[in-house]
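Each structure below is given as structure tokens.
In the two assemblies presented below, subunit A is common to both, partnered first by subunit B and then by subunit C.
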Partner chain A sequence: MTTLAKHSRSASAASASPKPQGSHRRLGDLKIALLFIAPAMIGFVFFYVLPTVRGIYLSFTEYNILGDPEWVGMDNYVAIAADPLFWNSLAVTGQYVFLNILLQTALALGLALLMHNVAKSTIIRGTLLLPYLMSNVIAALLWFWMLDYQIGVVNQFIEWSGLPRVAFFGSEAWAIPTQALINTWRHMGYTALLIFAGLQAIPSHVYEVAKLDGASAFQTFRKITIPLLRPVLVLVLVVTVIGSFQVFDTVAVTTAGGPVNATRVIQYYIYQRAFTESDFGYGSAIAVILFLILALVAFIQMKFLKGNESDLD
Partner chain B sequence: MKKSLGAVAVAAAMALSLSACSGSSSSEESATGEISYWLWDANQLPAYQQCADDFAQANPDITVKITQRGWDDYWSTLTNGFVGGTAPDVFTNHLGRYGELAENKQLLAIDEAVEKDNIDLSAYNEGLADLWVGQDGKRYGLPKDWDTIGLFYNKAMLSSAGITEDQMKDLTWNPEDGGSYEKVIAHLTVDKNGKRGDEPGFDKNNVDVYGLGLNGGGDSSGQTEWSYLTNTTGWSHTDKNPWGTTYNYDDPKFQESMDWFAGLADKGYMPKLETTVGASMADTFAAGKSAINAHGSWMIGQYTGYKGIEVGIAPTPVGPEGERASMFNGLADSIWAGTEKKDAAIKWVEYLASADCQDVVASQAVVFPALKASSDKAAVAFQAKGVDVTAFTEHVKNKTTFLYPITDNTAKVKGIMEPAMDAVVSGKAPASSLTQANEQVNALFK
Partner chain C sequence: MSTTARRAPLPAATRRRRPFNARRAGAWALLVLAIAVSVLPFLWVLRTALSTNNALASNATSLLPAEFTLGAFKRVFGLQSPAEAVAEGGSGAAIDFWLYLRNSIIFSSITTAGAVFFSAMAAYAFSRLRWKGRNAVFSLFLGTMLVPPIFTALPNFLLIKNLDLLNTMLGLVLPYVFMTPFAIFFLRQFFLNMSREVEEAAMLDGAKHLRIFFQIVLPNAAAPIATLALLTFIGQWNEYFWPLLVASQDDVRVLQVGLGVFKSQSPQGAPDWSGLMAATLISALPVLILFAAFGKKIVNSIGFSGIK
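Entry: the complex of A and B
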């Protein structure tokens, strides 16, 4: 998630800086530009491009990390197509992404509107970001304990109020919604902040005109706020969808794929095949498939939601 | 990738410091310097730290740096270490893992040293030393300890149910009606209205105390969960052990036992699998949620250490063939093939396997050391703490143990069996569904 945000930032910085005024000037700028880009570029090549290329290569091999990779052609991909656990992991991840994005976007939009119109205090706005400052693993473990079936405080409250205890992590029906809620709780403050920035970019005169025309608050929201917010919403959606497809740490420290296969999300399945079962070729092949899926999803979102255009122009 | 670059940097730094080291002391033998040692059980750390201190005193040229890592991270960190060159010189090894490590040439064969130093392999409890001879006939570790399974029970719950401790010693079990084992479990189960599991009007959906605790589905081995039952019927995990190539989860005898086991949760005598995710089985026992827990001897300290709860230990029940059964698992210390300090590492492994160190471990009463004499000393040490461990030791004495299944592909077998067993134990699938999982497992060996 942070990666993508970083890239889009450096990309826009790069395209904005060379405003050509003369060819000699441009050449001088290029040298300095390259100098400034170099640290990010080196990191990008060594930590992203090279591992990606190697990962793609490994996906065509059988490799247990201790020996040498052995070329097997398309074997891994053929096996994956027939692997029920792979299809299960796609379905489970899809369920997680759907719940997480729906809740997170709706709640973050609400929070952003509140920040924009009601809560002007910096302290309150800052507080909303607190869960995001916590490590994923810590957040997951805290909720794991609070939601424990036997000794968790949440289940104590549920029982006091006369309802039956809920196996939040243990039941197949609850396991994914629970994970989605935890990560919604952790991320919505950050997402709200992004949307809030978008709200502040909408010029106030638009709202003044709407008021003069007698538009209701709901009409203003639907006809003005949402359309003008679209580029930001698209960015938020692309980033959060990619982020939630890659859910891993919450699962790894709580249910570890279980109960049965209910939380064996795609990233966890990759980890299991590669690191637990030492089948790095197979794991890499699933990772390549996940990469292609994410690229496609991001492309579709940008294309059809027109994320690169603004109605403000 | 970030991690492995870090590892490369560390390895490079280490190589530098190592070469600096060897440069200065190359004239002497290589049994000098600091060797690293890993283990996973925090309960055993104090005992082995004591061994390391004694060892350093006896061998002033060698120091041992012990690192303890939790079981969950132990094996992946170790694998990273093998690849990145940062693996420990010596580490605690597990029967379920060493086959693959040996096959991938990560372990140092120690046959020569064992012969040269006249290690008496018959001094270890029967069979333990041979477990560490790989498929290639080479020895990859010296045994350090062993464990068996027993029944931990809550004495107060037993007496209020009118069950004597002698009764607990003579339990029988069979897969049809569960024998006296199921009767005791049912009677120890109490619902929220105070009705016992074998009384009319028992509400199985509102249980206060379960007769038997549940640790999990048991994945491929069922070490503490169900193997002490399934293996009394004449069933065994694999066609031969060690180095079997066919698993037997499709055997109707096994599946019948598993259906009985899963049925306990359905009858309300054992918690549902979904409610056991999170808090550990031992902790819920301490919280008074179960009356009996089947668990391994390495948990003795944990169970007898809870305040305000009297715990007894009974042997596992006698099965349909008239014998008890317990999985017999043993750990060993192995040497990484990539070690730079082979001689020092061998010295340390031999010390760990010697009476000097195993008596120290015995005196701490945490686990049973592999040496017969040290095992007896451990039993005495447990007795001194007021814990009767006969339930565990008599399995070894009466030869009612069977070995932890040692095969290739153990991680993959576990990957397949874990969800399959969870589905059976949680009642989502009948035990006959294991036939299909078994086919997947056996396909790994073709």
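Entry: the complex of A and C
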């Protein structure tokens, strides 16, 4: 997101002061530009803009696909406010997001520091990235097998080391942490690479000065690395939070919302209301709420952590 | 190791002088552990896929396949009779991963080709052409990255249904084929940094924008376009939610959805683990091949974009 802001700024600067040579002709490129963006514009309008408008409209209707949507005003939102399954889905998703931030960011930061300090090899980075290239469905099934209660290899080791077996997917207490573990396994290397790229961008003379001043390794980390890494960390946090709020695939393939309601996350609940129960109005209303939550999260994180500014400048 | 020099000029020299001490050994141990956690599950999947279900139950921990067999792969490709499949622990339900493999390849190829090409055209208009409202329109396009896919998925499903395109390849590819905001953003950055000189020389020769785009801009951006195509293809290959909504029939079902169906058909009490892992491996294989061939490109693209 930082690069994004920077680039649009440089772009506007460029257009504000066009080179004198040939500039009057370029400002008249509108016709040809419309031709070039026409296909993308079709996709933009029909599959992004109109669905957004239609989604908001549907959230104020009752619609079961067969008839026409019937305007019901705020009814869906009122019903959602009193829906224990909605609040449960919010709580369950929140727990999942929290665990992901904690596990993923901590492990990825550690991994990035390891790569930065001892091994910068592309092969090692590539190997750590491998899980990220797999689909959620593959990651889910792979761990569904490895964590199986009866003959999964992980439980074999747990039993071998003298501990009781864990029903990773079958117990209400473990279901969400297990989903978070699968997601962490898939994203850890990717997140580490993002942080690693940030570490590489910190100029080495900063560290040399700290060394001359006699700073300890921990002091250097806390006073130099973390502050200078902040834009990258904010980006990682935003991507992690927004991504984990939309967890669906791994849940859909493994636990399908269960046991009981333990993994009925927001997106799975939307899917069930809209597609299993043909209640598109209600599903759309929850989707609007999810959208608002995500927008709020992104806004707070950007403001609160001042993500756009680096201390390096 | 080769990238070290390019990414950070200094450490390569200082690193070699650092002594090999206990702390470094500890760091390496942790790194090896992380690598093991990333890679060993794939070997375990392979081992399971080459075992029989009966042997898996009694021999759950050996690294080698328990009773080596190719039965699981035969089952997944629909080459076993239902009776044979049931005898080996399958559900006996018809399953044909050749079909899903074909559908996944068609779906991912069409959407990748369309999205990359049309996004490149748009990125050209957003970077090399001067027109009123350019940056405003670009910001709007970028803004779509913030809309969660689930939010547009419901209305898009209704649109595809209204167009009578459910369970068709066309309905499956339509939302992706015109552009992705990420692709436009990604290519625009490269186009912005291209030198204007060649382009201006061509213009003096009377070349039109279409010729400049096809003969100068696209060839010069071949490397980033290849990287983008690679990333887009992998992303499309892994797509699950949208195909789940609009393509539930066999003749358009993609691998990821087929995997989920296969899992849900598997007998509850004694799942067909070897069949499931064979299917998982088949679904992962194309990405693994791309990774083996172009891993470096993929890895290096991540430091660059920092987004998605």
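The criterion applied here is as follows: the second predicted complex is superposed on the first by the 269 of 313 C-alpha atoms of A that agree within 3 Å, B and C clash if a C-alpha of one lies under 4 Å from a C-alpha of the other, contacts with A are read in each partner's own complex, and residues count from 1 in each chain.
Here is the rule we go by: a residue touches a chain if its C-beta (ideal position, glycine included) is under 8 Å from a C-beta of that chain, and two chains touch if they have at least 3 such contacts.
These figures come from a predicted structure and were not determined experimentally.
Residue contacts after overlaying the shared chain place A:Asn64 against subunit B, while subunit C stays out of touching range. Once chain A of one complex is fitted onto chain A of the other, the partner contacts of A:Phe275 extend to both subunit B and subunit C.
Between subunit B and subunit C, more residues of subunit A are touched by C. Residue contacts after overlaying the shared chain place A:Ala167 against subunit B, while subunit C stays out of touching range. Shared-chain residue A:Ile151: touches subunit B and subunit C both. Legend: residue contacts after superposition of the two complexes on their common chain; A:Pro259 is shown touching subunit B, with no touch to subunit C. In the superposed pair of complexes, A:Tyr190 makes contact with subunit C only, with no contact to subunit B. Legend: residue contacts after superposition of the two complexes on their common chain; A:Phe47 is shown touching both subunit B and subunit C.
In the superposed model, A:Leu90 lies in contact with neither subunit B nor subunit C.
Residue overlap on subunit A between the subunit B contacts of one complex and the subunit C contacts of the other covers 46-47, 50-51, 65, 144-145, 148, 150-152, 275. Across the complex, subunit B meets subunit A through its residues 1-2, 5, 75-76, 79, 82-83, 100, 104-106, 272-279, 283-284, 287, 289, 411-412, 415, 418-419, 422-423, 426, 428.
Within the complex formed with subunit A, the subunit C residues making contact are 1-4, 7-8, 10-11, 24, 27-28, 30-31, 34-35, 37-39, 41-42, 44-45, 48, 56-57, 60-61, 118-119, 121-122, 124-127, 129-132, 134-135, 137-142, 144, 146-152, 154-156, 158-159, 161, 174-175, 177-179, 184-185, 188-189, 192, 200, 203, 209, 213, 234, 237-241, 244-245, 256, 259-260, 263, 271, 273, 276-277, 280, 283-284, 287, 291, 295-296, 298-300, 302-307.
Residues of subunit A touching subunit C in their complex: 1-4, 7-8, 10-12, 15, 18, 21-23, 26-30, 32-34, 36-37, 39-44, 46-52, 54-55, 58, 65, 110-111, 114-115, 117-122, 124-131, 133-138, 141-146, 148, 150-153, 156-157, 185, 188-190, 193-194, 196-197, 200, 204, 232, 235, 239, 242, 245-246, 248-249, 252-253, 267, 270-271, 274-275, 280, 283-284, 287-288, 290-291, 294-295, 298. Of all the residues in subunit A, the ones that touch subunit B in their complex are 46-47, 50-51, 64-67, 144-145, 147-152, 165, 167, 169-172, 254-255, 257-261, 264, 272-273, 275-279.
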